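Read through the structure below, which is laid out as structure tokens, and then see the notes.
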Amino acid sequence: MSETGAAPLLAVQHLRVSGRHEGRTFPIVEEVSFEIEAGRMLALVGESGCGKSLTAAALLGLLPWGFAVDQGRILLDGQEVLRLSRTDWRRLRGRLVGAVFQNPLAALNPSLPIWKQVVEAAELSFGLDRRAARARALELLELVGVPEAGSRLDDYPHQFSGGMRQRVAIALALACDPRLLVADEPTTALDLITQAEILKLLHRLQRDRGLAILFITHDLSLVAEYADEVLVMYAGRLVECGGVRAFLDRSLHPYSQALLGAIPRLDAPELRLTDIEGLPPSPLDYPPACRFAPRCPRAIDRCRSEEPPRVGDSRHWAYCHRPCSLETV
Amino acid sequence: MWAMIVRRLSVSVVSLILLVTLVFFMIHATPGGPAYSILGSHASPQAVAALNRQMGLDRPLSVQYGIWWIHLLEGRLGYSYIQHVGVSHLIGTYLDRTLALDLGALSLSILISLVVGLVQGYWAERLGGRVIGFLQIVFYAMPVFFTGILLIYVFSIRLNWLPPGGIGHHGWGARLRHLALPVLTLALPVSAGFSRYFGHQAREEYRQDYVRTARARGLSEWRIATRHVLRNAVRPFVTLVGMMIPVLFVGGVLTESVFNYPGLGWLLWRSALDQDYPTLSAITLLIGVLTILGNLIADLLNSILDVRVRYE
Amino acid sequence: MNERASRRWGFLPLLRWGTFGRSWRAAPLVMSGLTLFLALLAFSWLGPWVYPQSPYTIHPHRLFLAPSLQHPLGTDDLGRSFLARMMYGGRPSLGVAIVGSILALLIGLGYGMASGLSPVWLDRVFMRILDAILALPTLILMIFFAAIVPLSPLSLILLLGLLSWPGLARIVRNEVLAYKERDYVLAARQYGAGTGYLARTHLLRSMFPIVIVNATFTVADLILTLAGLSFLGLGIQPPQPSWGGLLGNGSNLAITGSWWLILFPGLAILLAILSMNLVGQGLLNRLEGR
């Protein structure tokens, strides 16, 4: 995958995020490790509540009050951000990382004209004057494809449609030419056509500017088209990782299979949609051993007593006692 | 919107009429009539009759009521027989002192509550936020005359840092030193009210996504607070000022009395104790009118802003 | 709607004594406020049984004594026991405010009901008048009244009650308007229930929680107004003690360094207002489901 073997842009190693509940600390996200290289899109997939957004928040240093990273390392461009001071980390992420979230209206300050918001971070980092700042804002809005951007600089967020707001939000994230974009469910609040446009935009940015994208979603159908690699998360742990083609063709983990089975397919309408029985567990009582076992159709006794081993190769692996496509166990 | 403005104006007019009428009938309900209270209870019947004739007090009540209105509208507020000056003259000298106190307290409390409210919003889930919330309840319940006298006891009598009351006559320094404690006293309950409201507002803003995106873009907490949260949280500020106007005016009367600060409130108090009815009724009317007008302006501004700000 | 109703009524068990411990955990604000207020009431009305000293007897040989075992809250400028004066002073300070609030509550209920149940045009007239009265500054008018006629506790109750009802009346009226549209009220009308019957059975019950909340705030307001008035020497007249009057006297004597003459009456007023605000705020939080 990596052509030179240089250090990846972002490396997460054995990350654990814990929360407090009624005075007790307990892990919500555990043993999360992955890497992203420049110019690639990594999709982090899972049901809501599985810990994917918390993982993103940890990467961005935006964990809500009461949550903390208490194990693991986050290496951003070779720097271990958890060891940096708060201010240094803030500066680093301002320069290197951009973020886009789910609700594009809420993501914009309703009482500031958009051009000010778009260039705010750049102004602070590079000290632009007003003229340069407006020019930069125009450039960014054009980059993300806001039509007639020149005449819309002084508009307020509520004057934009949902899709346009998300474009503006992406422009905000790109203000300082970041090398990594964390997109946490950026299209969930949008209609299907707008979703596709936003994803094409992200794809273009990734291709043309070598932007690395961590794309967090619960929607595997989007992943198939745009992502390079897929990470599947369940109940706070990674369960499968692989290149997108390999993953789609031969997914290893029963949970991934179940997720794929829940996508309607136009090319094979005779296949029935399957759904997953039961609900994902609460972080307060994760099941022992394999966390998916209680809902898993393939589960055997071992799944409930022994931690699942890692199966597959270095490019495509899963944690499972009875992986689907790899009948070696 | 115009209908609303007309309706609101009519309410204020009714308030004013009610106030003026109430004061008129109370003055004329004094035992022995106004003449006795002006001349003192030992006045001779001849003197009382003369004064009654001179002031038109021997005419029917309805005529007097009409005259009362005409005088008020012409701005003739009468003559203080205790202080031996025209009431309008008295009010002129005392009004700007009251304005200095009230505006000082208002500015100080806005300043305090912006800072406290932002901190409270930022600390919403932490112990600090709760401590601030508790202090707000306590300070809101704290009567100004208690705060005032505690401050006098500590800063004037024990520490001897600031004058215990009165007003400085020699230069700005002295004036400010005399204003310091009264302004602080009056600002405390107002700040408690302001900052409680503002803190809730800031807390709501801090929960918004745009704060998260701002953090993700690497903006400093200071900038997020001042540029983003503050901007959105101050929107209902006019409402706030409107809500606090009665607290400010009424608290001002008590504060001035505690500190013997010769403003309108103090004058009201003294004239009540001295039974100086012309002064008393004029000031009651004036403070009443100011309160009514203050409420009116705040309400109007608020609804106009509301129409403009509303979106979605 | 069911859930909303249960939230509205959720605090009612708090008013029952059997569930004391549970109530305390469920609504610490309400319970601490209530406890504090009851303690102040007990101090004022039951205190003299425990500490039977006269608040009026003058002792020229023991003026300005600081608090000690013998004189728990010290003595004042005339050598009177300050603890006894504090106890007797609580009676008018709290009593006038409570009775005045009840009066305001009754007027407010009557006016609000009348306004809410009237035809629309009359309701508008009622509301304009109410707004006009609401805009009058209570303390200023009270100072004015007090200067013209010396006020006894009874006339203080009457005046405070007469000036304090509009806020309550407006809330009652809004509740009436809201509940007029409720299904069970419409149903009752359907089977021929009269307006008076409806007012008694349904409306009064349904507006009870919000009215109680605002009544507690009214008590706090009246305690403050009365204390302010007495502090200015225009409320309860000496030698009868009241917390506001004691504080006023203490502040005139502040120069003598008698801190106890300031601190104790001031604290008493503060705690009385605070306790009622806590009860009101706590109930309000529960009502709004926060």
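By written order: A, B and C. Residues from 1 in each chain.
Convention: contacts are C-beta pairs under 8 Å (C-beta built on N, C-alpha and C of every residue); 3 or more make two chains touch, one makes a residue touch a chain.
Predicted, not measured: the structure shown is a model, and the values here were computed from it.
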Greatest number of touching C-beta pairs links chains B-C
Relative to subunit B, the most remote chain by C-alpha centroid is chain A
Cα centre of subunit B to Cα centre of subunit C, whole Å, reads 23
Here the gap between subunit A and subunit C, centre to centre from mean Cα coordinates and rounded to Å, is 56
As the complex stands, subunit B meets subunit C at residues 10-12, 14-15, 17-19, 22-23, 26-27, 29-31, 137-138, 140-143, 145-146, 148-150, 152-153, 157, 164, 246, 249-250, 253-254, 257-258, 268-269, 271-273, 275, 277, 280-281, 284, 287-288, 291-292, 295
The residues of subunit A that touch subunit B in their complex are 60-62, 65-66, 87, 90-95, 97-103, 106-112, 120-121, 124-125, 156, 158, 169, 172-173, 175-176, 182
Subunit B residues touching subunit A in their complex are 125-126, 208-210, 212-220, 223, 227-228, 231-232, 235, 311-312
The residues of subunit C that touch subunit B in their complex are 128-129, 131-133, 135-141, 143-149, 220, 224, 227-228, 231-234, 244, 247-248, 250-251, 254-255, 257, 259, 262-263, 266, 269-270, 273-274, 277-278, 281
